[in-house]
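Presented below are the structures under discussion, each in the form of structure tokens.
Next, two complexes with chain A in common: one pairs it with chain B, the other with chain C.
Presenting the complex of A and B:
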């Protein structure tokens, strides 16, 4: 699958702000560019190249996290960091190339021998899997184990933690899942004509199907070893590491998998002896531990907290070991098209023009926390093009244009509305306050309503009935894609079919047939360049609707202790490529 | 004495039943009374990609569509006779006493508590020795050397101890001792007592001292005021008039009387802290009961919250029972009455 150099190039120039030519060089054998000079730590160095390339083995790589992963079951997790981390022990059918920069966006075969072979107009996808791949117990991986893994993660009542794209795209009829229907042959969405062939039968053409298969849900699970919700305690490994112990919600340790073979896995290495994760450590403590070098990586990849951020940025010796990449997240306000007066596009435009985006950026933490956003797609996704439909001088808002829009909306003196924010997220509250002040300048009186983040989508902002009842005209939220394309990003927040009774992420409740058609047609389009053009059109259509008010393309400040080797920021996972990292 | 203990134990069981009913009502009944439907509750446990099908499945699997009394009945039955839990391919038997399963992690609540309790108990054990001995000793000395430099200095430090929150003193101690002077270069990382007692104690020194600093300050002030009051009592004057050595007057007469209210508070403090020393555990990232229940509350993990509340109530009841029994040992007047 080829990519459009121009589009991605534009995107990456914004993302990386560096010369991608450096990616090609390097003397290491770790798949990355390397700087050829034996490391060359510098601020943002790992965004574009491998820092400290090395083949040195040994040591214990220590991860920490403030909370706990949703599940270590590859079939039941929905965090980007876990999709990155589970590659230590779970090999999916396909994956992203373990390389820095643009190369990392390329889908490459992992368990499969090659990318999918489409037929039947994009409704059938065939994959051959590598021979000789073994589980940690020495038994060989079979095609049926991958079929079973997809079935359990998408068609059972118990495993609800991950996405359900396969339920959406596979032609599986009313298949009840392997826990209720013990006969796997009844799962018609995937056929396994032999032990090394998988044929996916889709209910519609979908030319981004290869991207779906990078999901850890396609890593094989032997039926006999499946313990359902308990499987997270010890997923059976196909990767270079396997579980030694696991105390759910506290800690676990991975050790080398003796049955992993580099001959069947050209993408990974077994550099460190052990990988450990400690959970539920406070953010400030994590920063201190990373700066002291006693722990190595923050698993969630959310970056340093305010105090540590200031410390890192004010010290040259620390700053050279830090990176400030885009996270792929867009932070925005969605204007509910079903809450008056935002059912009128002119009222929505008034908000677009009134907003002081510089103040909102400041509320999020300034330039280090993100670049000012003007589009629906962030620069990390294919289809991104830079433009600003509601440009204002210095990004500080334009009162005159806003008042003109209010006049056209029939609300010349402004109106009253509510801003929903997650009350326990300081940056979001600050952004809401900045927006409130911007809107007040044009007569829009907005009241901030705070809701708990844990239930924000399921009970409040993501529940249209609640939004209508409480008149939540403005909903502050954010989104990151499940795979780095325009479709992966926009289909979940802008397609009318994405509107749900709860956990709704199209909080605008935007129902635009033109957007739906572009997304639907784009998914059926084989030509990549044409597809990416369509994602750009969707982006523009969303902004023309004025229902999405982008704030920032989020950035984070990641600290990498200097004793780490082979560190680079992976563009597909939007964090360091964990399985590649070693220790000096 | 035995009748007294039996009476208290029966009262404790009744209290636990009431606590369980109240807690259950708060988390399962009140949301319904204010308009939450079983679907609303279930949608919290289906992850980011909630669909109507998945919400229905979660509702059924977690029994959220059952009437609340039936759900409470299942909870009680689990404690008395055990329960079963659907993991998917198989159903797992949970033996009595079964406190249910976490809505978030599908872990047996009792196993979670068993896993976290040693951490909290270790913290409370060490810290309570420090604050009881330190606080009482300082309080007694302050009372005996009233208005001396020692008294003023000790009470000033005690005032600071009471005033400074644990998340401040804890973070300062971590910053200084762990990350600046590197006496604990790896920070605080809990080690199992049975695996490595030295490492266990070494890693708990900072949390012990931090927690004890707060409580010792309170105990010192309480002891000091109690001692001052007792030293003015007639029987102390009588004891001195009899010619008893001052040491005997202080230890056998004054201190004993002072200790009775201290013991009462000590029992309550121990019971409450065993249910989770929330701030200390959070500050030092110790995986104890307190940290677990905070996470459970923020994550709407109702069975875990319920389990920890029940155990906290049990600890408070037991601690008070032990304190009541100790009254007789400490204060002869109780024995004679």
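Presenting the complex of A and C:
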């Protein structure tokens, strides 16, 4: 999923995964338990519990964002913050439990009455939807509207903004989408035997299908109200709030939806009177507004910038209103196994041992910006286990071990290579310099190559032909998953089938049949514990290959103005649970 | 980018009244134009000050490795023990400025700013000098040709100048530097790669696209000079064009060329800084002043470590100021009527 406009999310290939209600490894630093018990304000308090629990109503909750959302259409957005925010007005079939801590990773029914009923060996999934749910105009939600929503968001040329997992998993033949093919009955991937039943037909057994349905793409869209790309001006609401006005690219306001009823929606509340979003405010300005209390939340959830960060951390009264959670992103360097001399595992190991991981951590902003990483899976994903294959004293690198590896590689005096970075990401450039400095100590001369971030994966680092030609041995990048599971995270960056001629995220070009088999088999394994076990094995195999050099498990510094109520960090969306927040 | 600089009057004439005061008659005998200009320049304390600063800068850049060995640390060496890990800024007061690190250390990785400024001066001055040399060479040759020959030669060159002046140089520079390969050979003569290629390209872009400014000035000067009596005299004695151009006209153009070059250098320093600031300068970790400024701004570190921005900013400011003062003084000395 995307955190900022420039972060490329997972494309439409194989991903998914599911599973797991309880997060495997547990995030040590983020507290875990999360039973929803409330409490007062303290640094990091909202990571594990609800801060300022209250049922007080009224007030206007104000959001700001630096740019503008890609689209407010629930079927056409690929930002985690929007999957979080659209729940104000769009109810999906399933959703993540609105609770702090690991409880938030559990999938629960939203529009549906219960989780999916699999049959036919995991190829057919049946859902019943709640009766009496109404749109903002008072008409009732029908199963066919959900079928239509999935069809428009996954099968049309117009709506390309979101992921296309349904295209990949549903047995829909060469269905052309509802804009070209006006007869919805031609869409065979979903059947609606009656107004309250949905039957999903898959092209392969997929026991963890429920995760797919948490995406706002499964929130109903009445066919008569669909205006294609313009639908984002006023998506028809099924949630507690609806659009009052919307000036695209500038601002919008949500007001209470009179036809929403708490009786059919046990997960949401209708605390504030209005929700407003102001777009295109600079990052520094947003920080100042939040600190001054004139606005309440930064929609993108990317956290405070350096100046505000220093201000918050150096003042106890501000610090107690801040949280420092993991974002689920792993920042790393990939060593291209197809570029000499990194085709030799010993040369890759030399880099692992030579690297001063405290220096790369410093490049991203120090301990507040992330914990030093030693595994392929971050602690936010299922299957994470803590271990360190290439431990060095104080994480500062070990010149002797690196030289031994270089000897074994047949390059005792080191070698020359290149480090690819996104030139406009100053933190990646700084990380490149830190790496360069570490490697120089063992005789590896690395030259930094800057490329534009917009085409980084399509033209440069993600294009193997270019990587080979320019001898980009080291590629600095980052990754976050669409779903918080080992499969969702690793299948795109480590499976040999993920290697593509362009927009390739397996930049190390790792082709390990054992990893492929574990990932393929894991997706078809019903038992949750067994599946997590398999993701852990994939993680270890990747690290054994020494092709992935993890830098940090990224963290962010979020500020929550003290007058917000019911604030907590939602582990599935990796930002505050927006629809739960009220005002004092 | 570069404003055409008005250099009026070319023929450098001795101004006895101005020079004579306090000098005895004998001394005037045999004094060359250069000597007279130098006499005038010596009296201009401000210009002289600029000249001294310029000289010191050049010496500092040339002897940077020695100075750094004596007073600093290698420019790429990390000193993370001097950095507060939480705030990424130097733990010492005023950015860690002290006897150990004269200009303090860089936030994040603790590199010595003193040595980075010195090494940055090498890049800035090298690019600025060579780019100036390139524009002046092209400008003088084409300007003289246009002014002297006139006719279609003049028309073609003058239109070419217009085209170059209208060129969106900054955008082009960004695009070009972004698209360069990692190595290239220049006319098959020598191979350039990585940083040396980038520096060569910076020099080419800055130098090649700035020639019309000096070209126009030289053309104007040549136009008026070629109608002068000494040119007629030379021609009537059977001198051919090359002789007239190089022996008669060029010496009379030395004044404006010298002045314009001195004033073009600071402009080029700023342009190089601008390109580095925009991320198309030399590759890290090679320091350059514009790149250091850019780091301070894009990393949002200037509010918590202001010295990170002030030090390279001051370096650029002082250098540009010194060159400009020297250039102004030189113009006054060579052409007192322009005062």
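Going forward, the second predicted complex is superposed on the first by the 545 of 584 C-alpha atoms of A that agree within 3 Å, B and C clash if a C-alpha of one lies under 4 Å from a C-alpha of the other, contacts with A are read in each partner's own complex, and residues count from 1 in each chain.
As a convention for this text, a contact is a pair of C-beta atoms (placed from the backbone, for glycine too) under 8 Å apart; a residue touches a chain by one contact, two chains touch by 3 or more.
Computed from a prediction, not measured in an experiment: that's the story for all the values here.
Of the two partner chains, neither chain B nor chain C is touched by A:273. If you count the residues of chain A touched by chain B and by chain C, you find the higher number for B.
Once the two complexes are laid over each other on the shared chain, residue contacts for A:458 go to chain B alone; chain C is not touched. In the superposition on chain A, contact of A:78 is made with chain B only, not with chain C.
Of the two partner chains placed by the overlay, only chain C lies in contact with A:368; chain B stays clear of it.
Residue contacts after overlaying the shared chain place A:503 against chain B, while chain C stays out of touching range.
Of the two partner chains placed by the overlay, only chain B lies in contact with A:292; chain C stays clear of it.
Looking at the shared chain after the overlay, A:244 reaches neither chain B nor chain C. Looking at the shared chain after the overlay, A:430 reaches chain C, while chain B stays out of its contact range.
Where the contact sets of chain A with chain B and with chain C meet, they give residues 284, 452.
On chain A, the positions that touch chain C within their shared complex are 284, 305-307, 309-310, 313-314, 358-359, 362-363, 365-368, 418, 423-424, 426-427, 429-430, 432-434, 436-437, 440, 447-450, 452, 470.
Touching chain A in their complex are the following residues of chain C: 76-78, 80, 83, 85-89, 108-109, 178, 182, 194, 279, 283-285, 295, 298-301, 303-304. Partner chain B is touched in their complex by these residues of chain A: 67-68, 70-71, 78, 152, 156-164, 178-179, 226-230, 247-251, 278-282, 284-285, 288-289, 291-292, 294, 452, 454-455, 457-459, 500-503. Contact residues on chain B toward chain A in their complex (touch as defined above): 36, 39-40, 43-52, 54-55, 57-58, 60-61, 86-90, 92, 105-107, 112, 115, 171, 174-175, 178-179, 182, 185-187, 189, 282-285, 287, 291-292, 295, 298-300.
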